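Same chain, two partners: subunit A is paired with subunit B first, then with subunit C.
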Partner chain A sequence: MLNVIPTSFPTLLAELEVGQHLYWEVAGLKIHGQVFLTSWFVIAVLVLVSFIATRKVERVPSGFQNLMEYALEFIRDLAKNQIGEKEYRPWVPFVGTLFLFIFVSNWSGALVPWKLIHLPSGELAAPTNDINTTVALALLTSLAYFYAGFSKRGLGYFSRYIEPTPILLPINILEDFTKPLSLSFRLFGNILADELVVAVLVLLVPLFVPLPVMILGLFTSAIQALIFATLAAAYIGEAMEGHGAEEHE
Partner chain B sequence: MTMLWLLATEESGFGINFDILETNLINLAIVIGVLVYFGKKFLGNTLMTRRDRIEEAIREAEGRKQEAAAALAEQQQNLAQAQAEAQRILETAQANAAKAREAVLAQAKTDVERMRAAAAQDLSAQQDRVLKELQQRVAELAVKKVQEQLPSRLTDDVQHRLVDKSIALLGG
Partner chain C sequence: MNVMFLLAEESGGLFDLDATLPLMAIQFVILAVILNAVFYQPLGKAIDDRNDYVRSSLAESKERLAQAEKVAEQYARELAETRRRAQAIVAEAQAEAQEIAAQELAEAQREAQAQREQAQAELDQQKQQAFQELEKQVDGLSTQVLDKLLSV
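Then we have the complex of A and B:
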C-alpha cells in the first residue's frame, strides 16, 4: 500500500512502515493481527474499568464510579441532544460503545508505548488506525440507523428518500453510501495522519519536537471520537424523525 | 543503537524493543505526565463538584424524606387524637342518651301517675254529681207523688187527728 519512506532508505536512522500488517489466517481470511491485539487491549481496558467502577456501587459516587458516571452522563446528554428526549434511551448503549471504544482506541494509540513490543511484521497502533476497524464501525452505524428508521416508521421510512422533493431521490440514496464512507474515512484519516506525523517527527527529531503534535493528536483523537459518536447519534435521530415531517424545536 | 535497531528489524518473532529513542518513550512519558498533571486537576475538580452536587441532592432528598416522615407522624398523631376525640364524643353522647332516656321515662311515669290520679278524681266527682242528681230526682219524684196522692188521702178526719196529735205533743 503505502510506503512513506522507502525501504531503500539508508538504514542509518530507522524505518517507518505503513501498510505492513501482521497477517493471521483464519478460515481462509487474512486478518490484521496487530489490530486485533490492540482492540483486545482496548476492550479489556473498557471491561476492566467498567468492572472496577461497578464493583462496589456507592450511593455517593467516588473515584472510578464517579468518573464512569460522569462519562455515562456525558454520553447520555450527547445521545439526548442528537436523538431527542423521547427516543434516545435505547440508543445510549450503542452511541456510548462507539464513543468509548473509539476514544480509548485513539488515546491508547497516542499514549501507550506500543513500539516497545516488536512484532514480526507491522506494528501495534490504535485500532482506529486501520481502515477495517473504522469501516466496521461505520457500517454498524448504517445498520443501526436503518434499523432505527424501520422499527420506528415501518415502510414509511422510504418516504424520506423523496423528501423534500422527488428530484432529490438520487442524492438521498447516495447519502446512504456517503454516510458510512465519510464516517470511516474521517476517523481513519485523522488517526492515521496523526500517528504518521508523530512517527515522522520522532524519526527526524526524536526528542521534544514531537511533543506539540502529540498533544494536538490527543486533542484531535478525542474530538474524532466525539464527532463519530455525535454523527452516529444524529443519523439515528434523523432516520427516526424523518425530514422535517415533525418539528422538533 | 544501530545494533539494537538491527536486532529489531531482523528479528522475525515477537520481541521487545528497548530503543528508547525509537519507541518514543521520553516524549510519551512527558505527554502522559502533562496529561496526568493537568487532567488530574481538571478532572478532580469536575468530579469533586459532581460528587458534592450529588451529596447535596441526596442530603436534600433525605431532609425532605425526614420532613415528610415527621409530617406523617404528626398527622397520624392528629388522626389518633381525632379518633380518641370521636370516641369520647360518642361515649358522652351515649351517656347523654341514656340519661335522657331515664329522664324521659321518669317523666312519663310521673305523667302517667298524675293523669291516673286526675282521672280517678274526675271519676269520683262525676259519681258524686250523678248521685246528687239522682237523689234530687228521686226526691222530686217522691214529692210529686206525695202531692198527687196527698189530696186524696188527707181527709178532714185525718187532718183533725193529726192536728190533735200535734197539739197533744205541744201540750205534753
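Then we have the complex of A and C:
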C-alpha cells in the first residue's frame, strides 16, 4: 500500500490509496482501468444529457434543452471572448468538450460515491485525477493551437517566434513546452489535492468537518474546468492572430 | 517517470504515464465528434435559428409599426382635409342661403310694392271714374235743374 502520509499512521490511513492503479492489458500495453471506467461514465452522462436535450428541439426551450442551451451559450461566449467573433465557431466543439468533460469529470469525482465500488487495485475517482488524462487533454490543446496557427497563417506562423524581437526566440520556443505542462499539472494537481484533502479530513473527522472543504472542492473543480477551457481557447486565438501574440499569459 | 516521485514503485505511482494517455486522447476526440453531432450542431442551429427568428420578427414589426404610423398620419391628414372641406361647404351653403333669402326678400318687397302701386292705380282710376260719373250726374242734374228752371 502506498500512502501519502508518513508511515507513523499506518492503521488509520490504510484506506488512503494514491498512485495505485487498476492495470488492464490491451495489446500488450498497460492502461489504467479505473480512469477509463470513470471516463466512460462521464462520457455516457454527457452523451445521454445531450441526446435528451436535442431529442425534440423547440423554439421555446424547456427542461434539458434549456439547460444545455445555457451551457452552449456559455461555451460560445467563452470561445468568442478568447478566439474572436470571426474565427470562434469551428472551435466551439473542441473548447466546449474540454470544458464539459473536465467539469463533469471533476464533479463526478466529488459527488459520486465511487468509494462504494471496490476494485481489486486502486480506486475509482475523477478521470482528471490521473496525470495521463490531463496530459492527453493538454497535448490535444497543443495540437489544436498548432493546427489553428498553421491553417490560418501557413508558414507565417513561425514568425511569431521572433516577435516582438528575435531575442525572445528561446522563450517563445520554451512556451510551447510550458503551456501543456502547466495546463496538465494545474488540473491534475488541483483535483488530486482536493480529493486528498477531502479523503484525509474524512479519515480524521468523518462528520461535518469535511463538508466546507468538499464545497470548496466543488468550486475549485468548476473553476479548473473553466480555466482549462479558457486557456485552451486563448492559446488557439493567440496562434491565429497576427501580431502582438503575447497578450495572454 | 517513476524516479520522479518517492511514492512510486516500479509499477504505478502518481506520474505513471502509459498507454492510458493516447487512448484517453483518442477517446476525447471521439467524444468531441459525438457531442458535435448530438449537441453543438443541433442546439447551435436552434439558437441561431431563434436569433434569426427574433431578428426577422423584430424587423418585420418595426416595418409594420412604421406602416401603421404612416397610415395614421395619412388618416389625420385626410381628416383635416375633410374638415376643411366640410367647413367650406357649410360656409358656401350659408352664403348661398343668405343670398337666396336676400333675393327673395327683395323680390317680395318689389312684388308688394308693385301690388301696392297697382292697387293705388286702381283706386285712383276708380276714384276718377267715380268723380267722372259724379260729374256726369252733376251735369245731368244741373241740366235738369236748369231745364226745370227754364221751363218754369
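As a working rule, the second predicted complex is superposed on the first by the 231 of 249 C-alpha atoms of A that agree within 3 Å, B and C clash if a C-alpha of one lies under 4 Å from a C-alpha of the other, contacts with A are read in each partner's own complex, and residues count from 1 in each chain.
Quick note on the criterion: a residue touches a chain if its C-beta (ideal position, glycine included) is under 8 Å from a C-beta of that chain, and two chains touch if they have at least 3 such contacts.
Predicted model only: the values in this text are computed from it and were never measured.
Contacts of A:Phe51 after superposition: subunit C is touched, whereas subunit B is not reached. After overlaying the two complexes on the shared chain, residue contacts for A:Val26 are found with subunit C alone; subunit B is out of touch.
Touch criterion met: A:Leu111 reaches subunit B, while subunit C stays clear of it.
In the superposition on chain A, contact of A:Leu78 is made with neither subunit B nor subunit C. In the superposed model, A:Pro210 makes contact with subunit B only, not with subunit C. Of the two partner chains, subunit C is the only one that A:Gly96 touches; subunit B does not reach it.
Look at A:Pro61: by the touch rule set out above, it reaches both subunit B and subunit C. Counting the residues of subunit A touched by each of subunit B and subunit C gives the higher count for C. Looking at the shared chain after the overlay, A:Leu124 reaches neither subunit B nor subunit C.
On subunit A, the surface touched by subunit B in one complex and the surface touched by subunit C in the other have residues 59, 61, 69 in common. In the complex of the two chains, the subunit A residues touching subunit C come out as 2, 4, 18-21, 23, 26, 29-32, 35-36, 39, 43, 46-47, 50-51, 53-54, 57-59, 61, 65, 68-69, 72-73, 76, 92-94, 96-97, 100-101, 127, 130-133, 135-137, 139-140, 192. Remark: subunit A residues 11-12, 14-15, 59-62, 66-67, 69-70, 110-113, 115-120, 198, 202, 206-208, 210-211, 214-215, 218 touch subunit B in the complex. Interface residues of subunit B, counted against subunit A in their complex, comprise 2, 5, 8-9, 11-18, 21-28, 30-32, 34-35, 43, 46-47, 50-51, 54-55, 58. Against subunit A, the residues of subunit C that register as touching in their complex are 5, 7-9, 11-25, 27-29, 31-36, 38-40, 42-47, 49-50, 53.
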